[in-house]
Amino acid sequence: MLLSMQGISKAFAGVAALKSAALEVEPAEVMALVGQNGAGKSTLIKILTGVYRRDEGSVAFDGKAVDFTMPAEAQAAGIATIYQEINLAPQRSVAENIYLSREPKRFGLIDQTAMRRGAEAVLKTFNLDIDVEWPVAHFDAATRQMVAIARAVTQNARLIIMDEPTSSLDEREVAVLFETIRTLKRSGVAVIFIGHRLDELYAICDRVTIMRDGQTVAKSPMTEMPKMALVRHMLGKELAAFQAMAPDEDVPDRPLRLAVENAGAGVRVRDVSLDVREGEISGLAGLLGSGRTETARLIFGADAMQRGTIRMEGRERTYHEPADAMADGIGLVSEDRKIDGIVPDMSIRENMTLALLPKLKKAGIVDRIRQDEIVTRYIRALGVKCASPDQPIKELSGGNQQKVLLARWLATDPRVLIIDEPTRGIDIGAKSEILKLLRSLADAGLSVLMISSELEELLAVADRVTVLSDGTSVATLPRKDLSEAALLSAMAHQAGPSGDLA
Amino acid sequence: MTTIETPAPQQSGTLSSGSRLFRLASRYGTFVAFLALIAFNIAVTPHFLSWQTLNVNLTQVATIVIVATGMTLVIATGGIDLSVGSLMAISGALAPMIFMGQLWPVENMAFAVTLAFLFPVVVAGLFGLFNGLLVTRFSIQPIIATLVLFIAGRGIAQVMTNGNLQVFKNEGFQFIAMGRIAGVPAQVVLMIMIVALAAAMIRYTVIGRQLIAVGGNEKAARLTGIPVKRVKMLVYMISGALAGVAGLVVVARNSASDANLVGLGMELDAIAAVAVGGTLLTGGRANIIGTVLGAFVIQLVRYTLLANGVPDAAALIVKAGLIVLAVFIQQRADRR
Amino acid sequence: MHTLLRPFAIKSSVDLARLGVILALLGLILFGALRYDNFVSSYNILSFLRYNSMFALIALGMAFVIITGGIDLSVGGTAAMASVVAALFSPSHWAAGLLAGMAAGLAVGALNAFIITKMRIQPFIATLATMLAAYGTGLLLADNQSVSVSYDTGFTIIGQDDFLGFPIPAWIALAAYILGWLVLEKLPIGRHILAIGDGEATAGLMGLKVERTLAAVYIASGTLAGLAGVMLASQFGAGQPTEGVGWELFAIASVVVGGTLLTGGSGSVGATLAGALLLAMVFNILNFENGLGWISLSAYWQSVIRGAFLLVVVVLQAKLMTRHRST
Amino acid sequence: EVPKLTQKDTYKVGFAQTESNNPWRIAQTNSMKAEAEKLGFQLVYTDAAGSAAKQVADVNAMIAQGVDVIFLAPREEKPLIPAVMAAKKAGIPVILLDRSVDPSLAKAGEDYLTFIGSNFVEEGKRVAEWLAKNANGKSKIIELEGTTGSSPANDRKKGFDEAIQAAGGFEIVASQTGDFARDKGRQVAEALLQAHPDADIIYAHNDEMAMGAIAALEAAGKVPGKDVLVLSIDGGKEAVQAVVDGKIAAVVECNPRFGPKAFETMLRYAKGEAIDPILVNEDKFYDASNAAAELANAY
């Protein structure tokens, strides 16, 4: 056995995150680690790699008892880790990030050429052709994720841990990643794969370990664990159905709420036109780097729009600041919760009501009673797993943070909600809850502009999908024309020169 | 398929009463340090237990607290304000010039004194606004942005007075430092009012919560519609204005304004008070009461060393050790 | 991009700011040369370099500290204390003075490292405290007075003599800067320092030995401050426990004018040198301006002008950076 | 030998001031400036902002600019030696004002022309001697020192402490720095009076701290001049007025008006006259007996 973690317990400030959890991995196998948001997956991993110290339990790696006190030791022992929140040094170059802490050297000095060549070579195997000397911050989330994966893969580790590696990847890249994992497996490397997309787990994993509430509740070969059983173990109950929720027919005569015409700024958004109507979910699809996030930021006034017009409920508007867009009833749940979303040291309560604060005041003073009422309501409605509303949001698991951010915007009662990758990092139970919630809000009159890389999600809830390619809106598919094939072909057909699908 | 039997869920969140006591004690780390200092003084320092001691320490700490309150707000947004000492000098130089008729003739003394209270504070506030502008409009890092006025501000005060000492006697104006309200020194009353207002602002008002959010994650704050720039300009302005108030107190207390020395080194005392009080310099938190306690600790350390005849050189070392110790205790408390 | 051009590529707004400081330095030199007699005389250049080498050394250490996202306020106090220690040891041997002074600096650096990495106190507060402690120790050791160095053991050569026509302090500073450049740009630890400045937690997760690296940086900064203290003692013939006030701010300003962000994660050794020289040049120019006799600048106007100059430099730099960012 | 000074109509003279953060220094600078203006000389003025090292750099900049004479108010005895030597090497005569340099390293009449000024040790001593005669049974002293490490603070302490020891019957109950500043002086006096309520003499190293001490006394409900004797050094107008008012018991003058004497000495040297190595300022002593009469002459 390569890795054996037994009886692991860990409490944060007296609240148990792990209660005697266990994890075992054989050499050359891909072990799926699944569980609801907050089940303790990331914590278990961080205990293994020495980020946190365990309260109880034992860890054996490669037959020897180990107790890493910092990630450097785990790395030296042959464990490479891609953490859930992508951990790269943003201002350092791609090449440096891949080789950080084990730089190639010549005469004691860093061998820049070897480093660049090496980085280019690995990234080529991931079909990524980028200038490796640019800072990582220059690239989008997906590219960064790939760089993090490349870094882990090139460490010659015996065990690679991937905590939700695919959450910001599109299908092409997922395919590339899986090919890489298979290659690793063939060379005897074991992989721990944490993820919420069940199809992916079944596609790549050999065995599965299921966690619930800080405990290991089941483990079995993947093939012996039917989907329904897996979900039941995970949730501790049956899953509510997750099917098409959008009405089958178009309702063309709904009034237009938000109309964007020929919007553009810089090179990332060239020419985007899209409509969001009253009471509908309008999807925004596109390959990685097609400019969806940038478009959302333009509409919301977070970046300056250089060309084009925005019409909100018929009136032409210019938004210089997010506050302007908010005043018109627009909200944006941003894609990167760590950078653009949470205020880490503030409590859940405060984070949830941040956007709402100006409306919560009486003579400049926050109305605590209403605040509490709203917070309690949304914690219950979205099932946020937390010790109390006063807990700092940074202590929540990734998925639960996402729920708080969603609540932040729902609480403002917006007329248009732009939502960028709403279910990233959210467990399957909560995912269908969130989609259902969005759908019912739309049915009640809210207009949603939903950016998603998961086509099935768009297919399930969107009334209409606009497809972006290389910063340009290339197609708008009405409900009746929506299908995975249609979306893919629209995305691929118009893919720019850098696109591989042609 | 193997399924592990789920053990009965354990009760979590229970703590032994001993560790709970420790948590309680260390949660108020600064307060404990403060009490320890008082106990030490009662035992060692001659004539410590008297009203006059309290009076001396309260009046001396007032200016630090006033400045440190503004500093806490600035630090909460992730900034820092090095210019406070220089702004004290500017406001301290301006006030006597007004009621001594050097700027414009004094026709009505009551009016001139009122103006001498308001005008310098407004000017200091405007200089603070200037800091804020540098930080927001030009995205200059706070240390450097406020370093500009740290260097130039005292020069401005010196140029205004030609470096000369301004000696004056003006009962109306000096009430702010010499007067008593219900037996309590006026500057102490002023200090309490400012602290109470600031604490209430942080805790209860929208703008207070917003400035914490700005310090905690500026990008996220902007995306929730918080007017980040305006919030920042406001805190720098408040910090400047409060430094202006402190400058008035100092010159009023001394019956003299010396542009060269008023507020010299105040920025470090204020920052130390904030840090000892448990507000992280990285922003995203503000603990006004902690700052007050921090300032009290620093004042008491100073008093203790003076009263016990510790020579200056050794006093510096002791002060250094105590600052580190106090912050250490406070941080351990926070982490628990 | 053509491979030859690669190193010159402006990949970040910070690169542009660095270019700006070098241009500003050249501009100021040109201004001085055209306006004042004897400004470019060898006497002025050499005494300028001799005097400012101390500050350049401190700025170098500060640059590394700031790149990690920290700050070191103790450098001035450390230099003062080290000058006293060096002076006290100088009678036995010149090398004893040199090493003792550097060791004193190293000790303060190590104390900083301990307080910051082990006690986990923020650098600003930790080094504020050690600044006080260093001054106190220096005053105690010196008995509140300047301590004469020995003129017999050759200790004063370090600060007062020339080598190949250049002041020895300038050689020392130059050597330190070349070493610093090598460390930052060419050695793994330099990259680690940058990565730590980018995000300490992240760097830890990427397997860097954060504490050890941080400790090395603070120790280096302390040692460089110690070396500056040795120069102070040697150049002026005395250990001076009350010198060094405000040196830390000068060093911080130099680093920032050199385009290094206080938020850490980026920085350049060369531009720091340019920044230090630029700010020092302002003093030199003000002295010459006084000599012209057009305006007899009072000391007060001098500080207003220095502040205004700093303002102009940082505002221009900020403009450069935002312009670059938006394109 | 000291470099020669040729006789000219006008000169370019350098004045390297140490700092300008107190009234005394400002008076000194103004006096120098006024005299240079009167004579029509070009004055190159620098301010070292309290740093001996910067002062050396300032002197070097003066040398580079080719001044004829350098007036140097050395911040410290030892660190300014390189400046004196550099000027000598460059052929520029140096006149030291108000503080001297280490006599074992540089000599008057050899390395520099002369030293004009007062003797800080002597000042402290004069205060102590006055006290010995006029204390009227008061004996417990609080001493407010100048800035730690500065030579006037060290010397005024030394002169006073030694003489008061010699006089016998006195006790210095506390001695702490007030940084030569009024505010700090007041705060320190407040704390010390609190810890030592029996103190009945306050000796301050300069007027500013003495004024602060008076404020502290009044705040503590004591009467300066009656309950507690306040003594000071510097003798500026405000302090002499306080002597007249009975708040300060006695003050030793330390006159900052160096201009006339400094330039006169320089011109005499240019004419070829021999100059004494030390030109001591005649400093007055004010107490109740003469303060009212001398008030008009105080600086």
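A, B, C and D label the chains in the order they appear, each numbered from 1.
What we mean here is this: contacts are C-beta pairs under 8 Å (C-beta built on N, C-alpha and C of every residue); 3 or more make two chains touch, one makes a residue touch a chain.
Remember, predicted model here, so these are calculated numbers, not experimental data.
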item: Chain pair with the higher count of C-beta pairs in contact (C-D, B-D); value: C-D
item: Geometric centre distance via CA averages, subunit D-subunit B, whole Å; value: 35
item: Centroid distance [mean C-alpha coordinates] between subunit D and subunit C, Å; value: 34
item: Centroid spacing, where centroids are CA-atom means, of subunit A and subunit D in whole angstrom; value: 71
item: Chain centre separation (subunit A, subunit B; CA means) in Å; value: 42
item: Numbers and ranges of subunit D residues touching at least 2 other chains; value: 20, 148
item: Multi-chain contact residues (two or more partners), subunit C; value: 139, 144, 298-300, 302
item: Pairwise chain contacts under the document criterion; value: A-B, A-C, B-C, B-D, C-D
item: Subunit D contact footprint on subunit B (complex, rising order); value: 45-48, 50, 52-53, 56, 60, 158, 162-165, 167, 250, 253-256, 258, 260-262, 264, 302-303, 306-309, 311-313
item: Touch list for subunit B against partner subunit A, complex; value: 1-4, 6-7, 9-10, 12-15, 204-207, 209-210, 212-213, 216-217, 219-227, 284-285, 336
item: Subunit D residues within the subunit B interface of the complex; value: 20-23, 26, 145, 148, 174-177, 179, 181-184, 186-188, 190-192, 194-197, 208, 211-212, 215, 220, 238
item: Residue numbers on subunit A that touch subunit B, as the complex places them; value: 11, 13-16, 19-20, 22, 212-213, 215-221, 224-225, 229, 233, 300, 302, 321-323, 326-327, 332, 334, 339-346, 350, 354-355, 357-358, 360-361, 364-366, 387, 408
item: Sites on subunit C touched by subunit A in the complex; value: 1, 6, 9, 11-12, 182, 186-188, 191-192, 194-195, 198-199, 201-209, 265-266
